[in-house]
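Lettered A, B, C and D in written order, each chain numbered from 1.
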């Protein structure tokens, strides 16, 4: 196992070596002032990535799933009603978590491949004249289907109905890779993790709480200690954690943020778009279709690609791993066997992406799909290459 | 910041370089068979460290605090009664967590520096004829006071009273450094973390559940998703996690277990005892006393050292860090300012320990304490050194 | 600079992460027995790679150039005559070194792109009835032209003429990547370095001396101390170096050898051939030609590719670096501007190679060459892919 | 083997982790502009460390021994006369190298433990009225005896006699740890390596050539290619090497220089002096003596400590390694068995040094020497500790 090929799972992503080296820290005294010099730039930097001036940012040694639980348990009480659309595996799992925590979930069932139905959110909010709905859940980027939804539209649904519910957004596979505007979109809790756009190992839940969400912590009845944002916040006031912090990961996050800002967030987003668009052109050249039903929904971090009827898409992932040492993502839940996924987020170059597309072509050809070798690569190359007149610089 | 000196905080510990390199892994597909080859040896190895044939072992991307929460939320329901002694900061915090989760805690207040009062546990259990007490909490090693308690005695209290309560043990700063016998002591949930005896970065809660504890998960009413051991167990059955696993940490744990078994657990415990005994002889040579009130309670992983009346022990820690670049532990809670702590667990050699003792001496002398330079070092050297007739081999 | 793309220079090669970690060693006492445990497996392993039972192997903190100097200075005296063909930049440089050391070089000028002219070697040896020629120099793989020559044929030239000259072979860019048979071919000094087939950083000259070459050290008059193989050999007898050894590099070499033997040398050679053949099919699909004039000369470690008349091939290398962050090799000496080189040795996968080919296509298209995007990639894919009936396993 | 203890050999030194990480670089194209960004700061920085405005600095993938050979072969011709004192193993070896390269060495035999005899240098130079002596060799710091000599005095000997010979200085174990003034002392060739004051792995010879030395390259008749400074200099003019450069080591050197300048050279020297003085006080407390015969000769990088008559000092080194996992240096040559050496150069803290002294005490006590445990440690602590009135800051 030589770990030479890049991975194309939709997270954890390929990690830049400098970030891995920053994570690989010797032990320091996490109660010493040194820790504050690692923690505080992380808090400031994540706030900037979330595009919020006022959000409280928290890090938990956990994952995105822990981030969801942080959102729920710090703001809600058993029996509270929440509104959520289910349009993929990750929105499904968050709904399941709500139910297991004794929340009453009004579910907007939505075909997988479609975006969040802002109109149906609005309808449901309008109908909730008693304001029983305490929180609205929205998955910004459905990692299972490669669908990016319009969070601003969900906010407009809340505004047009004058509904006071909190807005919780799962940005696990979008934040730091695609534009996310916590303040402008009125997001009350934003959730992500270390292992996607931040290009780090898994192990950190990263959440942002609006002032309104922070207020809700005073009345929230769900039990929590590990994920309690008030304890965590008190810790931060003393440059500390309420328990042992994952110092190395935070040190990596500090450098990750430096790298993102040095490249420029807009450039980071543009790079993700460029690489993703190349993948989409390859898919089109192959004669295949995305799970996402329309271009406005196309995710720049992951593409779920439908394979022909009767073909088990999971075989592509299995064979790519066993024969070519390359990792793609399988279809999950409703689309298991129907799609395979190419993750194209985090630290990637055009050349790396082309190696993924070229390998996918070999696998599909091996498996008898009618794919012309080189066809998708050529379509992506045509998009990626720098025309003589163009001044585009590749991400080195 | 050159990170050259060892740390003497009571965890996270000094990390062997090979373990850090094992943690520093490139991204793999955590849904591939490769992950099982990392996970399964960890499960088997930890079970062996816990000295249990039957325990179910679980790893959560979290810390020891998350391990406590795992114990409670998977086995208990709001309103349940638990019995716990409070003899230090960590037993205090676990009690606080119980209360915040709506449990009714019968607290055996115990002076800090003393061990768990098995007789009073027995008394309380005997009085609980209606078996309202569902769980008994016991802190094996109080990191705040350097006190190791007798868990077998707590089990005897349960047995002599025929009480069916579960026994939960916090072994965060004991497991893998001092003898721990889950099966023999009848422990139902054992809790530890990656950053102590396992010599890894913080980031993993490690728990063992007895069969009886697993049965309790069926009726436990406290909400949990992230920390749900049934979900986690289902994941393991498929060589997977219910969410993104911390692959690098697990890879490090796999190697840590190999190293512990290669050295031999008994040798690991003997090494901890030897190094700790040297520290205790130094303390005695300095004319100081431990917080732990009697030798049977002395911890082999951390020593809390009382300083003279009127002296602020925290100054030792502050000055050691600022002037000598060395980290010791401050006193916490009731003993804040009264003790400083020397952590001596994990990956340590005699030579490293002597550098800690020598530095402590310089700091104490600087601060005006009546400490003869070299006196504690000499006492430890006398204990550590290999007499001409002895065949003791130092841990290289 | 994120170092994400593989490099395609003809060495130093891409380094497997495990090898880099093995090189990155803390300081040990190089006079302790530990050093022998690193050194001796390296000596044994390299002898095995050289396919010799009897060669003395030596490592110098140096490079291949230092290896050449080691060959000359330990066996020859000022004024001695040597015979060498010049068919590329590296054979040219070795000849230059001979001249600067006061040797009289009979040069067989050979067009670049051609192999060593065994017939002209034979002719020159036959003519040397007085046996003034003390050594015959042969470059196994001309890195500048991508030409692998037939060393066995040079040996036959010596044998057929009954000439007693020593045979020195530069195997810098062949050894450990392509078959090399020191014993069978009667090689007296074999020279290589750490940074090619051994996949390590530059910094080690690696040489093998036959018994006959060792005998020549007794009479050799050229001054040497640093590169003296007798001093070095005496050091090895005591598990030591005559000066400070590069311990980390040797530790890396030890693991590199383990990896090569675990894969199997024949499999290593077959992998190099497979990847190289894919490159050659791409070149052919592009309508271009190799510098090597015939298939029997094609190197499996580097391809020098001729570009059309009037086109400056160096622009490909410059643009690939500046626009796509990818490194290829420029043409050197006589073929500067006429060829660009793709290194395909060391630690490479098919997927990595395809990313190099895809990038080369984009660059050539950008620069106005008549290259169909995807064409070379498709030719390589067709060769690399595992047909349904085939059981070929990719190097993961 | 856990590599936890610091080493106390007189080089290679303990390496700061950041330097090791800087050396551990992925492969770059060493012909790309990136290489110049690594090389040029190294050239400038080393010149600054040498305290010369005009010296040409060269790096060879080699060791200090290669540096000596560089000095000789680039400036001298076979049959030339050089003048050198022999007062230890390293001056002995350099003389041996001269002889093997056909130079006529006038040797000033000097008892080991004494410094270079400036008066006898002067005498010899005065007697050399015909100016046959082309170069004067001087070892700044004799690593075998822990003797630092007065190079300025040797320069005065040249000046007072008006002798035009070149002055070559071996500064392998002094440069970057103790003050070295190439310009002020009129040094023509200064030689060092990467593995001492620069705190890097072995593998780089580092030399500085004065203008006068550069001129001598034009007439020097000794053969050289690998170590030719003119080829190397031509390479640097093109931001390149004449052969494959050790990129990682140079990248480490770049950071090492940054670290040295950030600390301040004078502070670096003061730190070495402070740590060395503590060692000397310990030696005195043990009732032992240094090999260096007077305080003006005491080296701040290595102490050679004489043990009592009839005691084999090498046993200390052997036992420290086998029983305590700690590395000291053995006596070499004339003082083999009579001294053991403590290296105290490079990256060290007081606490680390105290662990070395404490271990040495245990070993000596084990071996029956009349050493009071803690005595040397106490003497060093008294010197190292920061009195309440003092504002000394420890090197963290």
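Note that a contact is a pair of C-beta atoms (placed from the backbone, for glycine too) under 8 Å apart; a residue touches a chain by one contact, two chains touch by 3 or more.
Worth saying up front: this structure is predicted, and the values here are computed from it rather than measured.
Enquirer: What are the mutual neighbours of chain A and chain B in this structure?
Expert: C, D
Enquirer: Could you work out which chain's C-alpha centre is the most distant one from the centre of chain A?
Expert: Result for the farthest chain: D.
Enquirer: Which chain pair is joined by more contacting C-beta pairs, A-C or A-D?
Expert: A-C
Enquirer: Could you please state the distance in Å, as a whole number, between where the Cα atoms of chain A are centred and where those of chain C are centred?
Expert: Whole-Å distance between the two chain centres: 46.
Enquirer: Between chain A and chain D, what is the gap in Å from one C-alpha centre to the other?
Expert: Computed value for the inter-centroid distance: 54 Å.
Enquirer: With chain centres taken as the means of their Cα atoms, state the distance from chain C to chain D in Å.
Expert: The computed centroid separation for chain C versus chain D comes out at 35 Å.
Enquirer: Would you give the residues of chain A that are in contact with at least 2 other chains, written as numbers and ranges?
Expert: Only 1, 3, 14, 17, 21, 26 qualify.
Enquirer: Considering the complex alone, what residue numbers of chain B touch chain A?
Expert: 1, 3, 7, 9, 11-15, 20-21, 23-32, 34, 61-66, 69, 73, 78, 96-97, 100-102, 193, 195, 201-203, 222-228, 242-249, 321, 327, 329-330
Enquirer: Give the list of chain A residues in touch with chain D in this complex.
Expert: Spelled out, the residues of chain A in touch with chain D are 17, 21, 26.
Enquirer: Hey, which residues of chain A end up touching chain C in the complex?
Expert: Against chain C, chain A makes touches at 1-6, 14, 16-18, 323-326, 347-352, 354-356, 358-359, 361-362, 365-368, 372-375, 377-379, 381-382, 384-388, 393-396.
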